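The structures come next, written out as structure tokens.
Both complexes shown next keep subunit A, but they swap its partner, so subunit B is in the first and subunit C is in the second.
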Partner chain A sequence: MFQSFMLHTWIASTIIALVAGTLGFFVVLRRSAFAAHALPIGSFPGAAAAVLLGIQPLWGLLAFVAVGVVLLQQLQRLGRRDVAAGLVLVTLMALGSLLLSMTHSYGPGVFALLFGEVLGVSAADLLPVAIISAVVIFGVISLYRPLLLQSAFPELAVPRGLRPGVMDLLFLVLLGLVVAMALPVVGTLLVFSLLVAPAATAQSLSANPIRALSLSILLSLGMMWLSIVLSFWTNWPIGFFIGAIGATLFSSARIFRYLRDRFNSRSAMVTP
Partner chain B sequence: MIQQRNGERRVHMPKFEESSKVALAADVPGPATEQPLLAVDDLTVKIGTRVLLQGVSFTLSPGEFCGLIGENGAGKTTLLRSLVGTQPSPHGCVKVCGFPPSRARGMVGYVPQKINFAPDLPLRVCDLVQLGCDGHRLGPRWFSRKSSEAVSRALAAVGAEQFAKQRIGELSGGQQQRAVIAHALARQPRLLLLDEPLANLDFKSANELARLLGHLTREHGIAVLITAHDMNPLLSLMDRVVYLAGGRAACGSVEEVIQSESLSRLYGYPVAVIKHSGRIMIVPDTEGPQPDEACYMEPSNGRNRERITK
Partner chain C sequence: MMGWFLSVLHCEFLRSGPVDTALLVGGSAAVVCAVIGVFTVLRGHAFAGHALGDVSSAGGSASFLAGISPLAGFLGIAALAALALEFLGVRKVREQDVATGIVLGAGLGLSALFLYFDITTTSTTGAAVTVMFGSMFALSSSIKWPAIIVACLALVAMGLLYRPLILSVVDPELASTRGISNHWIGVVHLLMLAMAVALAALSVGSVLASALLIGPAAASIRLSRRPTVAILGAVIIGLLAVWGGVWMAYESYYWFSGNSWPVSFFVVAIIFIIYLLTIPLKYLTGRKTPVPVAVQHATGAS
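Up next, the complex of A and B:
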């Protein structure tokens, strides 16, 4: 499991889990889970198109993600966020299906993009992952306070001079970068699980934003590592484990909180 | 505390020294005011062909408690937004301590209409107040004693210390309202704008909140401009009333405006003002003539409007 060919896998997946756990905190805070779903699904045909054109898949992904980000931001300004995300998803998928219909050699490639190729990461794949992660982490650290204020209390951010359109765009650019970077490694479906499950779990466990953010990163890392180990042993797809562990984490956190609240209210009733 | 306040301001806004003398004067009772804290002059807001506000003019001095009344859609929220500088396309002149609103953000605290906090938000009351201090700043937050003192001062000002460590979404409506006011107070504003802060509060919470706001004006010299549908808890506190009808505004003292006749005209609906044992109360007048029988002003054209001046 720790052979040299696995080293790249460990490095890439650790970086991705770290970044996804960080940005996922804001995805959940802003209630942008649908956007976080629409961007990876909508942009994976970009990678296929890039293969068709004979260029690096990352460039295709970045191009599709950029289109998605601009569309999302513009549509969100006009009205409802869920409708915007839905329309972006459909538009990009339509474009993708057209591009995919022009090639005949996409079968295994599409499967890898959907479900990830975490065990086949090469040294060349690491560089873009590292660079984009550094950019995203730098962005989150610089924007931490405005992003926290604007995501949690949009009504209170406006009188502070934080314009919703600008904040939306900055956030979506960060999200788009994470998606484009993580997609070839962990696959379309898992980017979404990594972005949402650890952060949602952490936020229902802690009311302290710094602690919730740290917990989200830790859970994301734990989920990733555990999934790699289990996938290596069982030879089952890693996607199954990430999805299943994410769902388990979130539901156990909710159950834990429910029981704790019940216990607290009961003990409050006994000792008034 | 005052010294520190001045020092803090000087860092952000060098030209501000003159007006911080006003705050000093208001903190310590005595002769005050060379320059009004808030000056609105001929403010007009149009969206497309719709005129939301037309030629609104009034001023506010430090420590003044001013009610902003008018029926639904009269432009109260629009006016408040123009004062914080978030209303698109305002014409006319708004000056807060001599600065345009977009440059006076640190001096104005804004409490928007009822916010629905999601129960799962991973933020406590103290985090909300902390964001009131520095939520607009870039870069990581380093621990600073000055900002943690500002947070505890704001929490103390609204009496929120007891639930400071609780998740915001799990608090009662009154506690959430206090938390938002503490957020607005965190940067020690000179002017506090509140949009329907008493909505959805029961008698007790509304009265407590009103008393708290009165305390802020008296003790800290903060000017308050507040909108409320139920003005009863505020009547004893208000120094002045600005009222809006048909996009136009007029200003008057409480005695002048809070009268059955002028209020009925303002709302276009019969309203009775009852004075009983030194207290004033406003109730809808179901006994008197109904709108179709009596000749009340049409709220949208504002032709027969009588201007009440001080």
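Up next, the complex of A and C:
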């Protein structure tokens, strides 16, 4: 499991989990889970086009993530947010299936792109991952306070001169970068789980932003490492473990919170 | 023009067995999705509808392993996921986003596993493509009747519940004073949604199912807010997209010298183009006052 060819996987996935846990906190806070689902799917044709053209998947992904960000932003203004995002998503997905059908690796190619290929990380992939994650972390740190304010209390942010449209765009750009970076490893369909599940679990356990953010990062790391270990042992796709562990974490947090609330309300009734 | 069109149609298009099946199954999916999609969009459940489609892929991929009909697989998992969504509380707006997301993640994870087993234990290497992106021309003709029966069931249920559904969409408080349980209406609506999604997943693939569900309905709602007109418009747009897509995919074999493009791509592309076209159209037609008409409609005769 710790052979040299796995080393790149471990490094890349640790960085990805760190960044995804950080940004996921804001995804859940802003309730933009749909955008977090739409962007990876929107960049799916990018990966397919890269396979077709024989270039690095990351470049294709970045190009299409940019298209996805612009389209999402534009369509959100025009109409119902969920409908617009949904339609952009499926259209880009259909385009990806078309592009993949033109390559000769239709079946296996589709599977790897949808559900992740954990062993496919090479040394050359690490540098872009490191650069992009540095950019994202820098973005989150410099935007931390305005982003937190605007996500939690959008109406309070306006009088402070934070334009919601600009914040939305900045946030989508950060999200797009994380998605493009994580997609080849975790897969189109489950990048989303990595972004949402740890953060949702953390936020249902703590209302304190710093504590919830740290917990989200820790859970994201734990989830990623455990998934790689299990995927390595069983040879099953890593996407399955990401999805399953995410759902387990979230349900346990919900049950824990429910029991804690019941216990608290009962003891509150007894003490007076 | 018309004569040319008819000669193209008469040639081999309608005589081909797979085309026949694709037109029937896709057509029934388009009709059911259009009717239920209008309510889905009006209730703001587009994300839930999309999630059901994605999650139903677990059923589709399990059906290869279990050797059952893919329709049964899609339908079973979509219905289970609908109940899970209800249980996790899609009704509370605050929780909706995250709860849907978690169900989505778990379902997609499962389908990753099932597809992996499909590929490794059976010889269906194309399973991922079939389940996720559909292959309408590869549907077996024995699935025609089950698909039509599911479609009829969904339409009958919609016919019976039409009034209470509209009322609970437009004015939940008024609905509850009239003795309509918004909770049960929600559950029944999600189950009908599962039927529509299963049919759509069977024809255009589970990841693209929401195009058929949301696209025609959203485009049609842009043009008219009257529920009956919107539903009729959505049915027309849906059929146009599916049948047009099937025809274009069939013809694309000749356009691209033997490399035909996937049906689902054409269907989704047509839906997206129609949706984009309705954005400027809305300003030309002028929008009718939405809510009062629907309220009169729902309450007037009851």
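Just so it is clear, the second predicted complex is superposed on the first by the 262 of 272 C-alpha atoms of A that agree within 3 Å, B and C clash if a C-alpha of one lies under 4 Å from a C-alpha of the other, contacts with A are read in each partner's own complex, and residues count from 1 in each chain.
Note that a residue touches a chain if its C-beta (ideal position, glycine included) is under 8 Å from a C-beta of that chain, and two chains touch if they have at least 3 such contacts.
Bear in mind that the values here come from a model prediction, so they are computed numbers and not experimental data.
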Which superposed partner A:S13 touches (first subunit B, second subunit C, both, neither): neither
Which superposed partner A:I242 touches (first subunit B, second subunit C, both, neither): second
Broader residue contact with subunit A after superposition on the shared chain, subunit B or subunit C: C
First, second, both or neither for A:V90, with subunit B first and subunit C second: second
Touched partner set for A:Y144, first subunit B, second subunit C, both or neither: first
Contacts of A:V196 with subunit B and subunit C, given as first, second, both or neither: second
Subunit B versus subunit C as contact partner of A:L114, first or second or both or neither: second
Partner chain in contact with A:Q73 - subunit B first, subunit C second, else both or neither: neither
Footprint overlap on subunit A, comparing subunit B with subunit C: 31
Residue ranges of subunit C in contact with subunit A within the complex: 41, 44, 46-47, 49-50, 54, 94, 97-98, 100-110, 112-113, 115-116, 119, 125-129, 132-133, 205, 207-208, 210-211, 214-215, 218, 222, 259, 261-262, 264-265, 267-269, 271-272, 275, 279
Residues on subunit A engaged by subunit B in the complex (per definition of touch): 29, 31, 141-146, 148-149, 152-153, 155-162, 202-204, 206-209, 212
Residues of subunit B defined as touching subunit A within the complex: 84-86, 102, 105, 108, 110, 112, 115, 117-118, 120-124, 127-128, 131-132, 134-141, 166-167, 180, 183
Of subunit A, residues touching subunit C in the complex: 28, 31-34, 36-37, 41, 78-80, 82-83, 86-87, 89-91, 93-95, 97-98, 101-102, 106-108, 110-111, 114-116, 187, 189-190, 192-193, 196-197, 200, 236-237, 239-244, 246-247, 250-251
